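Shared between the two complexes below is chain A, which pairs with chain B and chain C, respectively.
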Partner chain A sequence: MTTEQDTPADTLPYKQPSRTEEWFETLSKYGVTKAIVYGLLGVFLVWTLFPIYWLVTATLKTRQTLLSFPPQWIPLDAQFGNFARLFAERPEFLTYIINSTLVTVVTTVLATTIGAMAAYAFVSFDYPYNLDFHLPFYILSTRFMPPIVTIIPLFVIFRNLGLVNTLQGLILVYTMFNIPFAVWMMKGFFEEVPESLVESAMIDGHTHIGAFFKIVLPLVKPGLVASAIFTTIITWNELLFAVILALNDNAITVPVGLASFVTKFSVQWINMSVAATIALAPVLVFAFVARQQLVRGFSMGAVGK
Partner chain B sequence: MATETDQEARASAIGQLRTDQSTGERVLLWVDDHLKWLMTLPAVLILFSLTFYPLLRALQISTLQYLPTGTTFVGIENYANLLDSEAFLNSLVVTAKFVGVSVGIEFILGFSIALLLNRKLKLRGLWQTLILIPMILSPTVIGLIWRLMYAPNGLLDYIAAPFTGGANVGWISETGTALYSVILTDIWQWTPFVVLVLFAGLQSVPDDIREAAIMDGASTRQRFLDITLPYLKSLIVLVLIIRLVDALRVFAKVYVLTRGGPSSATNVISMQMYRTAFRFNNFGEASAMAVSLLVLVMVLAMSFMKIANVEFGS
Partner chain C sequence: MVSVQYDEVGKKYGDTIAIEDVDLSVEDGEFTILLGPSGCGKTTTLRCLAGLTQPTSGRITLDGHDVTDIHPKNRNIAMVFQNFALYPHMSVRENIGYPLKVANVDADERRERVEQVAETLEIPELLDRDIANLSGGQQQRVALGRAIIRRPAVFLMDEPLANLDAKLKMSMRSRIKVLQREMDITTLYVTHDQEEAMSLGDKLVIMDKGHVQQIGAPDEVYHEPANRFVAGFIGSPSMNFVEVISEGDRIRAAGAPEAFDVRLNERVANRYRDHEEFTLGVRPQYFTVHTDRVENAVEATVEVTEPQGDEQIIDVEVGPDPLSITVVAPSTVNADRGETVWLTVEDELLHGFDHTTGDRIAETDDVERTSRASTSADTRS
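What follows is the complex of A and B.
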């Protein structure tokens, strides 16, 4: 704490507050600015959430009330039959849901396991040529590469290997997609596991690989859950690779199916809304489970834990 | 290396303690001895074969011409053709507009909102969770949501009616508005991301620094320029790079909203690449575009980091 004498007014590093600033001070004293901030926050929330409300309520409307002037803000006379009608008119959508679920589950397990193993190795072993430092950076840098850059060669390679139109092909690509994130997420968690823990486990007769699975992995469960949820969301949502690598019902996923409701000539509005709502439901559930980790994931580890 | 020998010593110690080693145990010990390579192998193998190798193949394919009869080597002809291709040059302009306007607005808007919210407010967990939602939605679903809002006689036409006299705007069907409608959708999705990251950064500015500055009589603006901004520097650069790189590769949103149209008003690079390769089967030229895009992204990201360093000083 400095005294008056140490810092006489004319040597203050900053000049005194201006009149506008004093005015703001007075306003905030009476809670006016706070009220304004809450108001603006409210506007921002409505702007952010209303489009989603609009989609979800569209599932309960008819073709006529959906695009009416003035709009129907609340769906009166809710048409719950719309859900059944989607599957009656477009039975293949069920296949797409099954395809997407299979691809997502397998990808999540693979990417999280492979990513966690690599992350653990980079944290706990020394590699020649400083590879334990360079390889993670190489892995992360692939995240910056526009995926469309590799899509043509991947299509050519997959066509030669017979992987086009297969779920395995999609799983391979999506695993590759998600490993960088899993590695970076898990690295942070493994760095906090004390080395002595593994050492004492090995003195107790565990093998190193055994100690990894039985002792280390349970400790980093929050990281595994976060990686898994992040991978699940990314995979469930992906369109670009699926549009190119999945051309028939064997492999078409939900996003590709969704996009097919919109053609150049017409849009099946109600079916489209119902299908899109089904597609977004699981993502919403996961988001609430892992909200903190998601911000961390989207900012590539820069924020929060 | 020290740890390696340690491990070998330990592994063989375990082995020596037991004379009745089974095959399973011997396998486990072998795994332990090579653990550092075995654990990284799957990740490196997958990333190498599905990113690095395709990248090399992209280079190779970009020198080929695809004909119904097979491929012929044409050298840099595909690249030369790009410079003459009006569609490609147009897609560069469209992409530049899309990236510049959407990332610019997202950043300014997002930073302002983060600053505004950076005070003691209630319900912080709630609003943070709620604004997370657009970020995690599939761009396909987002495209459909906005397609619904932009539809003729849809919600946005109703909101705009007082200004248009009731005529439909044709948000995504008119050349003049289509790109800005796609940009608005992107702003809707990604402004919350800027808010969340920068808000977290603002919250981590140590209180004592801020209090000391207040004690010294620093005004709000001075505190922002001299404390907050330098403190957030690296986070701001990171946010901008992430958004820039992601915006450059926008695909799903455009695919669902406009398919690049009307005419080519929203034909971003990835859309042009998709059309060239999978509509016109011109893999060579599309690969040349892909390689150019990669170089562009790398140059942009690197020069951006450099500019950021110069401007803020390290």
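What follows is the complex of A and C.
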């Protein structure tokens, strides 16, 4: 019988760990690797969450305590009156919130509906000349160019159509902007729904459209929710088009309103923090409530066979 | 319950022919199996009847009514899919009752009929479960339940057992057969498994490359295959084919005339008098394996043996440029790899196939092929 020692390493029936592997094993045995991982995660958390913490605490400070040095890490005398003051000093901010809400809700509904239907059509029907491959790509390609490129022609067109300074104009732009994303997101989901389900539904007495609404849509719900959330976030936060296309209170949205706190003469730090916190809240809440759907939505594979 | 009739049905995808000139009639209450290798067009044939595929030529009638252009939802047809196609977002109860729900049957009657169907399929305890928590066999039963609840005129099944394990397959097979007999519903069933086809069907439709090769009862396609394809496809292990030359009452393998040289009895030899060369077809079961030299036998070397319990499959090689032959022998035959055995042929049971067309050379004990063709034409009109 041969022992391990006198068998040459390359004839062993298993692979011996290298020096580095052994070293790593020792480290993890004493919890060093875990500590490093948690340390890095901690740094990452501070890096991403601190600005938000700073923003939210700023709403409770005065201008002096906000700009004091050394900084006041925790607001000592909370100024809840800041919220009331914002709406007293800038009553139009309420209009901006209403505008933003309208634009976001309508855009989300439109973009998700149109996107889903388009995606289903691409997935389930045959097109000549391979169009079911080319058209989705063309749709996506509208997002390839920097958005700023289209703004000048868009502004001219909108001015001639009387769409500048209107919510409809913004909704139109944002819907166009979000459809490519919705199409591609939903395409993946529809591809996962077995064709036989639709066929089965048709044999059970549905038309194709009936099968789409009753069988297919409920199955791709995580996808619908995920694209709706994404559309909502993008639309709620959009600044570039709104700055150019919304010039008065009829159509100004929250991000444009936020930017208006920076004036030629001063920056209204406290008002701006309060407004930004208000702008931040709905998206955070929405994403938090739907986080499970969102994760399922982005990891695909949500349709059970 | 209706009869089904295909008249020269064809389906092309661009230049690719999926099926061509399919003529088929299924009697009321008959269990018909569409059998063939994958890509032979059997599923396309079935889907044309369901209305899921639109034929490019020909017509399909149910009880004499042309349904070729009718939407699937308006044909009184139920279908079981290979992947079961159950609706994952509904419970078992909702799945089974769904066709009734779409048809606006009121909730009370729906509940009652779902429970009846669940009784029949012995799954009442599953009714409130989610589809995702069911095993393959249970899903299969739910799919069957959804299909039978409407009491359809025609029942279509597309490889319904393909996703089940072997044991479950056997039990579901007999269940399907009993169900079909009890409900007396005209059924078309697609499979690539010839054993399943033989055990289930009243009538087998054997297809290859988009064409119907033979239509007949299971015994008929086994014992009187129309051509070389059917002969090779039906039966397990498959039939042995040897290119032979006929010399009077002797036949010799074209590739190994010395090694494979068999004298046939006169009646059998007479069949092949007019064919100088033809393809000999012998089922593995129709060879007898001897471990000692016998008269009029083919000497062969054992390549490998596969024990099957009571019997064994033996692959042998014949001649210098080896000709592979598979035989089935009782497990009592003692043959090991490399040993020499002698094979005799049951000459009454062998078949000859035309060298060029592949059609079977007529055998005197055949039921007259022409008369059979005309009877099927009669039932059609």
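Criterion: the second predicted complex is superposed on the first by the 258 of 305 C-alpha atoms of A that agree within 3 Å, B and C clash if a C-alpha of one lies under 4 Å from a C-alpha of the other, contacts with A are read in each partner's own complex, and residues count from 1 in each chain.
Throughout what follows, a residue touches a chain if its C-beta (ideal position, glycine included) is under 8 Å from a C-beta of that chain, and two chains touch if they have at least 3 such contacts.
Remember, predicted model here, so these are calculated numbers, not experimental data.
Of the two partner chains placed around the shared chain by superposition, chain B and chain C are both touched by A:G205. In the superposition on chain A, contact is made by A:L294 with chain B only, not with chain C.
Contact with chain B, but none with chain C, is seen for A:V37 once the two complexes are overlaid on the shared chain. Touch counts on chain A: comparing chain C and chain B, the chain ahead is B.
In the superposed model, A:S196 makes contact with chain C only, not with chain B. With both structures placed on the common chain, the touch criterion links A:I215 to chain C but leaves chain B unconnected. Common to the chain B and chain C interfaces on chain A are residues 202-203, 205, 207, 210, 303-304. Across the interface of their complex, chain A is touched by residues 1-4, 7, 10-11, 14, 17, 28-29, 31-32, 35-36, 39-40, 42-44, 46-47, 50-51, 53-55, 57-58, 61, 113, 116-117, 119, 121, 127-141, 143-149, 151-155, 157-158, 161, 188, 192-193, 196-197, 200-201, 213, 215-222, 235, 238-239, 242, 245, 248-249, 251-252, 255-256, 259, 270, 273-274, 277-278, 283, 286-287, 290-291, 293-294, 297, 301 of chain B.
Contact residues of chain A toward chain C in the complex are 194, 196-197, 199-207, 210, 215, 218-219, 303-305. Listing the residues of chain C that touch chain A in their complex gives 50-52, 71-73, 75, 77-79, 81-83, 85, 87-89, 98-99, 102-103, 131-132, 146. If you check the complex, the residues on chain A that touch chain B are 2, 7, 12-18, 21, 24, 34, 37-38, 40-41, 44-45, 47-49, 51-52, 54-55, 58, 66-71, 114-115, 117-118, 120-122, 125-128, 135, 138-139, 142, 144-157, 172-173, 175-176, 179-180, 183, 202-203, 205, 207-210, 233, 236-240, 243-244, 255, 258-259, 261-262, 264, 267, 269, 272-273, 276, 279-280, 283-284, 286-288, 291, 294-295, 298-300, 302-304.
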